[in-house]
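So, here's a batch of structures to check.
In the two complexes that follow, chain A is the common piece, with chain B as its partner first and chain C second.
What follows is the complex of A and B.
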């Protein structure tokens, strides 16, 4: 079966399909417009955060501040963007530029991204607490309307996931600049020798990550209608898991945007599936971890066997 | 040989260009001009400054003093002047496809529909340089063999890429190609120069230099020590100019007493104590894999003994050789740490002593072994890897094409050392792409399509027999 090595996207698709089938078997009522939306609507911000993480992993770095960043964005969205939209937009724009600058600094000073982003996670977290010391705020009306829109036939959550996957696929896999960005992850010296300013490319990758991080925070507020400084802390690890589940690699610029979205959906679904199993919440996080390890083991076994074949 | 009209402006002109790295004068005042139609053969032993010269020409390094100009194009950058480089260490993006790799260095490909033109261009370039190669433009580079990757890299160097290649610098382009493919490349270089292009060709294979070069430049210690038309040199004269006296014709093989069989793999690879066993055949036919299976099976399994009795000398230094962040000393001593440990702690004094001795014996060119390993030239890094292997007590040494990109003088030193170590009872398993090296072995296994197709011993080891065994049935 060389299939899995040739088409890396196959395993994430199969994992999602198996999990989905199991969920429908446990709870047939989920197999409906409303059920699907309920199952997947929290996957939209996770998918966006996963794409953000993927941008960083694509250039061989890792972002440990993403959860705190998304939380901060959520706090800004629920306060400034709601109260004075102009200021809110400016703040969010500044946050994206911060990310781009971070990328440039990490590359220019040759700093380990893991350390810098870990440090930045405390900065983001502090700012979020400063803006919103206690849970509260409100979602801007248009954002709420966007996240609860009911398109015909296909639920919003599925629509949004498909759009995210297609847009980022075009951006990262098909476009020329996306190819060069993946090239930075594969062999940055070769990209540099071809005359590309790698520092700007890294800034671009980080800037894109910041942009998708901002989208993730806004989507989250649109769904939950309020924010909290700790609302998205678990997104850091979820997004990393999503990228890897989706067939990405930690190094070498091997990423798949479609896979990353599917990975995010799988992670969200795993949580619902465990609830349907009536598993005690005490065990759920552990069980979620077990599912993750299972899928990753399967992937490792398949790719290793195919590599030998 | 074609020569351009004398009126043509040189593509690149260096005037007293020098490059210093701290106290090291890597390039010490070189003047040079390359005109359309030139094929410049560049030779010199490791650390002579060839790579630095190349990097100054292609704009990778700014000269400390002196100037680099591109009169033909009138531009200031090497990129705009059509100067391309194909590097010795493979420098493609392994995660991208062949066509995507072309995109990296082809900024004229724009818009969403760049893939089609990219595919066409790289296919055309590949077919032009290496007719009949059969490399898929949509294959990810990490699924290709090293030889195929090198071919792709060379093709990208010659591809038009929106402008036109004026000067292509090839740094050891044939070291991972087999003879037939290398021949295709040499033929293409001649065509390219006849059409008004220029090439700087760096190789340790003097035969190739004499075949393609119109002019030969000999470097030593950062200076040009000789520059003449190719006809002005003899092979021996060239070697002398480089500053090494290579023994022409391998010394007669002394018959050695050989002991018990120490290696025997299921696929039929066998070696006796004190024997030098060669693995030959066309590049990429399973020799490296056979060695890796043997070595990893003996050393890296769960239950393998602490002293496996095998050591490995890597050919692909970047991938499985050097520890890039460590010093020369640490890189060399890693194989002996358990033996010289005292109660689990590394004995720094003995470590330093042992490595200082090996530095002297192998001739690693450095003032201070605590310098980072990457401060050394490629050939000297390889010497460190030899020191690492030979310093250990392991009776079997596995070598995966270790002489890739190593100069003639160093090679002779290492051959002598291998013979001396073998005489003391060590066994060597030696994969090499160079027939000359394989002919020094006591026994040779020729690989074809991942299997052993012939076992040759003693007088049977000749270039003809090896080629015969590599190519047999290939035409069918």
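What follows is the complex of A and C.
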């Protein structure tokens, strides 16, 4: 069983495949172009948010404000980006820079990220309510068109997931800067001794998280056609669960972008599967948690066994 | 024109002329609900299940299934609606977590040929039907009632619902409008009670020490009893509190009435509106022509009807009306 330890990605893939097979068995209608798209299109923004969270977990921090941030981006997208695109782009850029600055501040002052991001979640939430006090706004036409595009043979949701996974894999695992970023999470002192400016690296990691957070919010608005100040609050926990489910670890440096995307898809699918099972809603949250624990237990068992061998 | 098309055309004419003819016994209807954590929603789900089960037994529809999302989030409900499309339901009746954030999923459903009827928490997608309560009028009526009881006016305390939810905005707008027209009243304090007694009690208790004398309390339902308890705990006189049809509120009202002749009124939307939505969806599947926007009257309990309402409302629940097929037809024809 060395296989699972050697290829960290294997377990998430197997979990997704098993769940997908079970879903197809329960609901054969899902096994179609149309069905797959319906099943997975709402996973695209979750996958982007999970990648954002992964950037933070990669540098050994955690982001509790992501859901509120994605909600804020959704509100900006449905209002400013739609009405005056230039201003909208500027605001979104400013938000990304805010995230980068946050990373620099957290490192420079040696603050606990969990506290700073928790605090920021209220700032983002307040701004979102300020921009959009009551639900509304409209998705820019091009964004709606992008999210509902029907490419031949492979549904949009699957295409987008593959693209996100490949791009972030190249960026984080293959590129030089990605390796250094993972190094910051693994051991920031040695990275610093090697002559890298850790403050700037952390700012870069947070900036990337902000960028993917912005993408997540925009994708979400493209799907829902309008926004709501509370639209993505669930993304905070979903994204953390997605990273861990996809083979990442809280200790920093050990992340897998492909796994994170698969983790996000698995979480989305788990919810649909439970709904197809007609499980009472009182049990659904528990069952979702049980699936999560099951996968994590499997991982722990395999790593333990390999450690002994 | 082929023969089938002519036949279809003829069938269409027949439908338009003689009402509904299509058979709905093979149709399946699903309820998408975003929240089940208070007495109102519990009563709503129960009403839907009763009416749905009876309709299935009588062969009116093939299935009437209720689904509730495990968390009250628009993204979850959007996924739930998309799952319902996959499950092949013919109609979805919907109490929405957000009037706008589900529009994408609702459009997917419409494109797949699914009839979507939203009620209570309605959606703005143009292809969906809406059964709305005039929440604004509900807010305004409270102030008008207060004006009739307290012509000399005074200070009011407003208890609002859940921030950011449009029902809260609407009722609040109605109250504002009412106060603007009856300028003898002034709103001196406003708190969020989240439509729950315990939250309302805490919020009111927190703000009371800073308030001058309050003659009336305008509410949104589910918060009146908590407000009364807070006033009592603070040692203040109980003001005129407009209630929201909850059993505990009406129980308290009846006790006060027997003890000291307390008089007020109570109004809210009946959770049975789910049964109305069910019959409207059935009518649409049946081929009836139904306008996209329907209005349902709110349920009012007055001093005279209090005992009756209290008797028919189970403990911990909320005053209810179950709508029948004929009620649905009446609401539809009214909107034509």
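Here is the rule we go by: the second predicted complex is superposed on the first by the 308 of 309 C-alpha atoms of A that agree within 3 Å, B and C clash if a C-alpha of one lies under 4 Å from a C-alpha of the other, contacts with A are read in each partner's own complex, and residues count from 1 in each chain.
In this section, a contact is a pair of C-beta atoms (placed from the backbone, for glycine too) under 8 Å apart; a residue touches a chain by one contact, two chains touch by 3 or more.
The shown structure was predicted, so the numbers you read here are calculated from the model rather than taken from an experiment.
K.L.:
Give one word, clash or fit, describing how chain B and chain C relate on chain A after superposing.
P.N.:
These partners fit in the superposed model.
K.L.:
Just chain B (first), just chain C (second), both, or neither: which does A:189 touch?
P.N.:
First partner only.
K.L.:
Between chain B (first) and chain C (second), which, if any, makes contact with A:263: first, second, both or neither?
P.N.:
After superposing on A, A:263 lies clear of both chain B and chain C.
K.L.:
Which partner chains sit in contact with A:175 here, chain B, chain C, both or neither? Use first/second/both/neither.
P.N.:
In the superposition, A:175 touches chain B alone.
K.L.:
Thinking of the overlay built on chain A, is A:213 touched by chain B (first), by chain C (second), by both, or by neither?
P.N.:
It touches nothing on chain B or chain C.
K.L.:
Examine A:252 and indicate which partner it touches, taking first as chain B and second as chain C; both and neither are also allowed.
P.N.:
Touch status of A:252: first partner only.
K.L.:
Quick one: the Cα-centre angle at chain A between chain B and chain C, nearest 10 degrees, please.
P.N.:
Nearest-10 rounding gives 140 degrees.
K.L.:
Which partner reaches more residues of chain A, chain B or chain C?
P.N.:
Higher number of touched chain A residues: C.
K.L.:
Give me, in Å and rounded to a whole number, the least C-alpha distance separating chain B from chain C in the superposition.
P.N.:
Here the least C-alpha separation of chain B and chain C stands at 35 Å.
K.L.:
Residues of chain B touching chain A in their complex?
P.N.:
58, 60, 79, 85, 87, 91-96, 100-101, 103-105, 107, 109-112, 114-115
K.L.:
For the complex, give me every residue of chain A touching chain B.
P.N.:
Going by the criterion above, the answer is residues 170, 174-176, 179-180, 182-183, 185-187, 189-191, 193-196, 252-254.
K.L.:
Could you pull out which chain A residues touch chain C in their complex?
P.N.:
Contact set of chain A toward chain C: 27, 29-30, 34-35, 38-39, 41-42, 129, 133-137, 220, 223-235, 268, 271-272, 275-276, 278, 281, 284-285, 288.
K.L.:
Taking the touch rule as given, give the residues of chain C at its contact with chain A in the complex, in rising order.
P.N.:
It comes out as residues 36, 65, 67-71, 73-76, 78-80, 82-83, 85-88, 98-105, 107-108, 112, 124-125, 163-164, 166, 169.
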